[in-house]
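Presented sequentially are two complexes of chain A, the first with chain B as partner and the second with chain C.
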Partner chain A sequence: MKSANLNKMTPYFFIAPAGVVLALGLLYPIAYMVYASFLDWNPSQLIGEADWVGFKNYSNLWVDEAFKESMWVTLKFAFIVVSIEIVIGLGLALLLDRNIRGISALRTIFILPMMIAPIVVGLMWRYMYHPSVGIFNRTLKDLGFESIPWLSDSTWSLVSIIIADVWQWTPFIFILCLAALQSLPRSTLEAARIDGANAWQQALYIKIPLMMPVLIVTLLLRLIDAFKVLEVILVMTNGGPGLSTEIMALRISRTASEFRELGAAAAMSNYLLMMLLLLTISMFLYNKFVEQRRQKMLALAEGG
Partner chain B sequence: MSIKLKTAKTTLLAFGALSLAAASAAYAGPYDEYEGTRLVVNFPAHPHYNAVMKVLPEFTKETGIEVEVDQLQYMKMRQKQTLELTKKKGDYDLLAYVVFSKADYVYADQLENLARYFMNPRLADPAYDATDLIEGYVANISIAGGTKGYLSGPTGSMFGVPFGSETSILGYRKDIFEKHGLDVPETYDDLLELACEIPKLEPGMGGLASRAASGHHASHAFLLHLAPLGGRIFDDEWNPTLNNAAGVKAAQALKTIVDCGAEGSRAFGFAEAGASFLQGRSAMFLDSTVFAGQVNDPSKSKVVGKIGWAPHPMGVRKGSQTGGFGIAIPKNAQNKEAAFLLMQWLTSKKADKLIALEGGNPSRYSTHSDAEVNAKFPHMKVFGEALKDADPDWRPIIPVWGKINADLGTTLSKILTEDADIQSSLDGVAERAKKIMQDAGYYTWN
Partner chain C sequence: MMKNASESRQSPAFYALMVALVIMSVGPIILMLTTSLKLNVDVMSDTSSLLFTPTLKNYETVLCDVLWYAPEHVDYCNPTFSRALGNSIFIALVSTAITLILGCMAAYALVRFKFMGRGAISLTTLMMRMVPPAVLLVPVFGIWTFSYGLDGTFTGIILVYVAMNLPFVIWILQSFIVQVPIQLEEAAKMDGANPLQIFFLVVLPVIKPGLAAAAIFTFRIAWNEFLLANALLDRNTRTVPVTIVNSLTEYDIDWGVIMATGMLLAIPPIIFTFIASKQIITGMTAGAVKG
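Moving on, here comes the complex of A and B:
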């Protein structure tokens, strides 16, 4: 009896070190952040000297116009960039999923943007957007058009950071989609071809549905990333003009360093964390739901 | 990123030691006890401190005290210092602080009150002459606890010494002004008129290069105009007054300047505004004196020899900004007395001049009128004149200022880029500022 118990326990013993590392490395900082979000804590104080203010940091944020605006900017930014990136990335992958000479070189060139350090990307785009010496406005002027206030107009500046982000992160989606496409079962595609499906139909009804699980994970990864993007925007606009490009990550960083309100910054981070958690969970639930429906269909098909 | 610059260990050559002992018997005493001490100091990467680095070996040679400098990007300094200052035993013996850190550090009791050191006959040099330090700088950077809590006054005491301080100054293109027979503006009316006239006279050239980028930059530019136009952020009871007539006028001035500025001026930060002036795309520049060192450097400037300098124009009063850095001794420093000796040496008449000759920003009246300094940098004389009107109260140095400043900066950016209504926008800032002040306890006595 005893040895059977021990046997049952064995796996837990092996997992224990990893569990401890997880608790220390992952849960402790999060717990610390949650604790800090209930404090009125400025960085000149030790955490022990900070006053406990309960939910004040959280409730203050609800009436903070600047925070609400930055939340709205973040949502707008994240959904627009991820939608554009998915469309372009998937489209490119579908186009390039074939045996072209030099495809591997092409692929390497395509993923270059995401290998460049974000600060450098920000600086690069900032110079390209420069009102008088930047390449965009110089080209526009040479062609006889009016120059565009890329970074000094609140609508254009959001467009500008979206363009930069799409440029940097579309390759990420492209490369994952390409990998997914190349691992699709060839037999299904062949069957479709024999049945006379044209390229459009193959992509729409065979390839994309089969890629769904990968697409969803990719989408999720990109969304999480888009909610947290900081450096590129910091360098390009620093949130301006006005608050038009002040995404949450930037707001959090400014709250902690400029306003010296660590508690409020922690509360904002928690809101962001909750939002991302909600997004992740709903994605997983959806995935599970789709999976279950597929299983049911399969069972039905087999039964019939 | 921190650039560690270690000053080379200076071995005193027999000759050097002999000549020193002979030259200055006064120095033989005070430093003896601290010979061989190694001080660690935190300086920003900033033109003034780059000049200081060239003069520091002189201190080691004279005193035998070694100095290791940790030079950081100045926006990063505050975070690092905040961490250092909360430790039991700090690594820094002396640190340079940005002026708005004064309120936080002093309030958190993290800086040494300098009274104990200036009282100590073994440490204080009788020839120091503190009255020669520029008054506006001292009130703005050194003193805490006086009038309004952040200025000098009967209840104030000294926690640091101005070092690498700056004021605002008007730079203008002499050649352009001569070509069109223009007068250097002395008042705000002239300045604004000229700012919009120049683009008409010189197509493609902006009038005045000003910062305008969202946040700190826009707010700074607004404050530059607010004081001379007669405004203040708060009245004496801490009620926000930035939305009164003077505030609106200052915002209007900023908008006029930006509208008549060079292309892209709505997004200019300090660097872009400076570059626009140096590249010859703007005819005037109104900002910090720290900029003056670059205009005659051919590697950075296309307008070498074409720049003249004039005091900040007056509105209803004269008032140029005060800001920059001070140096202070942390409460948790390991070698406080030796650090004081270094602080005193660096801000003495002699070192102030040496640093000025290397391109630094002097903090003493005497250096500004020094013949040798004026021969090398003719603009120093104008700066010295301008400094007599330096306004230590052009911006409040209170712990919640960071938040109000950010709000003001983004609101101004909306005024500049989205044509938001000036009065109602500033009313909004005032209202939110009032709430922030209320939460921070400023109306407890009302």
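Moving on, here comes the complex of A and C:
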């Protein structure tokens, strides 16, 4: 009897610790943030002493030029890096999807930029962009060109952080695309080859359409991550010069720690979270849609 | 033999492309390594960056507190970094261990006792992947300081890291546990093993590759994270990323020393990459390819 009881309790016993940690460390903080976003709260107050201000934090942000600027920078940054990375990553994957010796070594080396701490990535690039000792300006000088104000000019600084992000994350897309390419049905590709499709036609009309589900998911995953980038930019430019590279994550952390407006920072976090939620939900729905279509196709195939 | 023959027929242009790609992706890391072996005089000098005498002095400066000898060139030994290194190692290892233990148990129960559908877990994982650390900044700071009283403690930061990593770990381990044949467990049950014994002696050994992938991902996040560590930890509990950023704000940057610090922070992930790249790629692609 006792052992039957024990068996019934087992699943709860196994899940409880993880559940408690998730509740304390993740769900409660998120709920708390939603609550804090309605308060006028600074770090020296207890949360109970903060005044309830309703939606004021949210509406204030709509007339806050700095916030709107950071939102614009975030969108610009995310869409540019993801487009460049998709084009290069997919291109390389299509090009290198063949029996070349050493492709697995290449993949291993490609993971390195993603594994190293973002802080260190920022550090490396800040050093390379350095006006006098950095490798880029040194090379330019040696070749007799003008040096470029990589991090000190507001247009160049955005370009610089985009280059660094492309360096760090293109491999991610490359690896996913390569995995997708290698799992494509060989018979379809074979058929296309026999019908005389050249490499371009195969890529454009067979491979890319077949990879679409993976491509879309990759794209959304990257987009979500691009909205979260913080450390690399923090180390390279700290949002400057001016507000030219101040993405939302950075704005939130500065609002909380420098301006000490926790309520406003929480409201910003909520805006960011809502944007990300939108992306995540669209990704989930897309997955569902693909799954359903596949099952319909399977049913059709069996019925026929 | 056949395979080799078809491999070697590729045009040399592809090898040139691959070499170029390797140089591009490793170049910045090599540059960091060489800079960390240079004295500041060499970093600043105008001559070619390849001609210099490599020295370990920067590493000695950084690690002076834990070295068994006193490096001659260090006048004042700053213990900040070696302390931070110790903190980082402790926090990353403990968070990884706790996340794995809790994650394993939960994943196992979710699969074997059919708690929630896989769809629900995927969705939660996805949702959690979405939450940026910056969003957790305000609430975690508030709660940890005022409600839990955990600000500045190891327990506090470990709690955040474990919570942040759990959804992903549960999700990835689930996909490995699903593949463990149920007959194996039933046979063990016949032999009179209780659920705990089955879990530890039968299931765990089979899902080792999944554990490796989960461990690396968790360790990497705990080891590399800056924002929450910066907000929560105090002078004595700070981790390496925080000390790096702090030393950057000073006007005069000693590039050699800071690159040595960066190198020390980068070494563990680099080692993992070389010994377990297969598991890492599995973890990475599972997210997108399986959905």
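Details
By our rule, the second predicted complex is superposed on the first by the 254 of 304 C-alpha atoms of A that agree within 3 Å, B and C clash if a C-alpha of one lies under 4 Å from a C-alpha of the other, contacts with A are read in each partner's own complex, and residues count from 1 in each chain.
What we mean here is this: contacts are C-beta pairs under 8 Å (C-beta built on N, C-alpha and C of every residue); 3 or more make two chains touch, one makes a residue touch a chain.
Just so you know, these numbers come straight off a predicted model, no measurement behind them.
Judged by the touch definition given at the top, the superposed model places A:S154 against chain B, while chain C stays out of reach. Looking at the shared chain after the overlay, A:F77 reaches neither chain B nor chain C.
Shared-chain residue A:S257: touches chain B and chain C both. Once chain A of one complex is fitted onto chain A of the other, the partner contacts of A:N42 are limited to chain B, with no touch recorded for chain C. Of the two partner chains, chain B is the only one that A:G239 touches; chain C does not reach it. Contact comparison for chain A: of chain B and chain C, C touches the greater number of residues. When the two structures are aligned on the shared chain, A:P131 is found in touch with chain B, with no touch to chain C.
When the shared chain is aligned, chain C comes close enough to touch A:I119, but chain B does not. In the superposed model, A:F67 lies in contact with neither chain B nor chain C. In the three-chain superposition model, chain A touches both chain B and chain C at residues 43, 46, 132, 257. By the touch criterion given at the top, residues 42-46, 65-66, 130-132, 147, 149, 151-154, 237-243, 246, 254, 257-261 of chain A touch chain B in their complex. The residues of chain A lying in touch with chain C in their complex are 3, 6-7, 10-12, 14-15, 17-19, 21-22, 24-26, 28-30, 32-33, 36, 43, 46-47, 92, 95-96, 98-104, 106-113, 115-121, 123-125, 127-128, 132-133, 135, 138, 167, 171-172, 175-176, 179-180, 183, 214, 217-218, 221, 224, 227-228, 230-231, 234-235, 248-250, 252-253, 256-257, 262, 265-266, 269, 272-273, 276-277, 279-280, 283-284, 287, 290-291. Listed in rising order, the residues of chain B touching chain A in the complex are 78-79, 82-83, 85-86, 104-105, 107-108, 110, 213-216, 262-267, 281, 399, 402-403, 405-407, 410-411, 413-414, 416-418, 432.
Interface residues of chain C facing chain A in the complex, by the touch rule stated above, are 3-4, 6-8, 10, 14-15, 17-18, 21-22, 24-26, 28-29, 31-32, 35, 43-44, 49, 102-103, 105-106, 108-110, 112-113, 115, 123, 126-143, 146, 159-160, 162-164, 166-167, 170, 194-195, 199, 220, 223-224, 226-227, 231, 241, 244-245, 248, 255, 258-259, 262, 265-266, 269-270, 272-274, 277, 280-281, 284-285, 287-289, 291.
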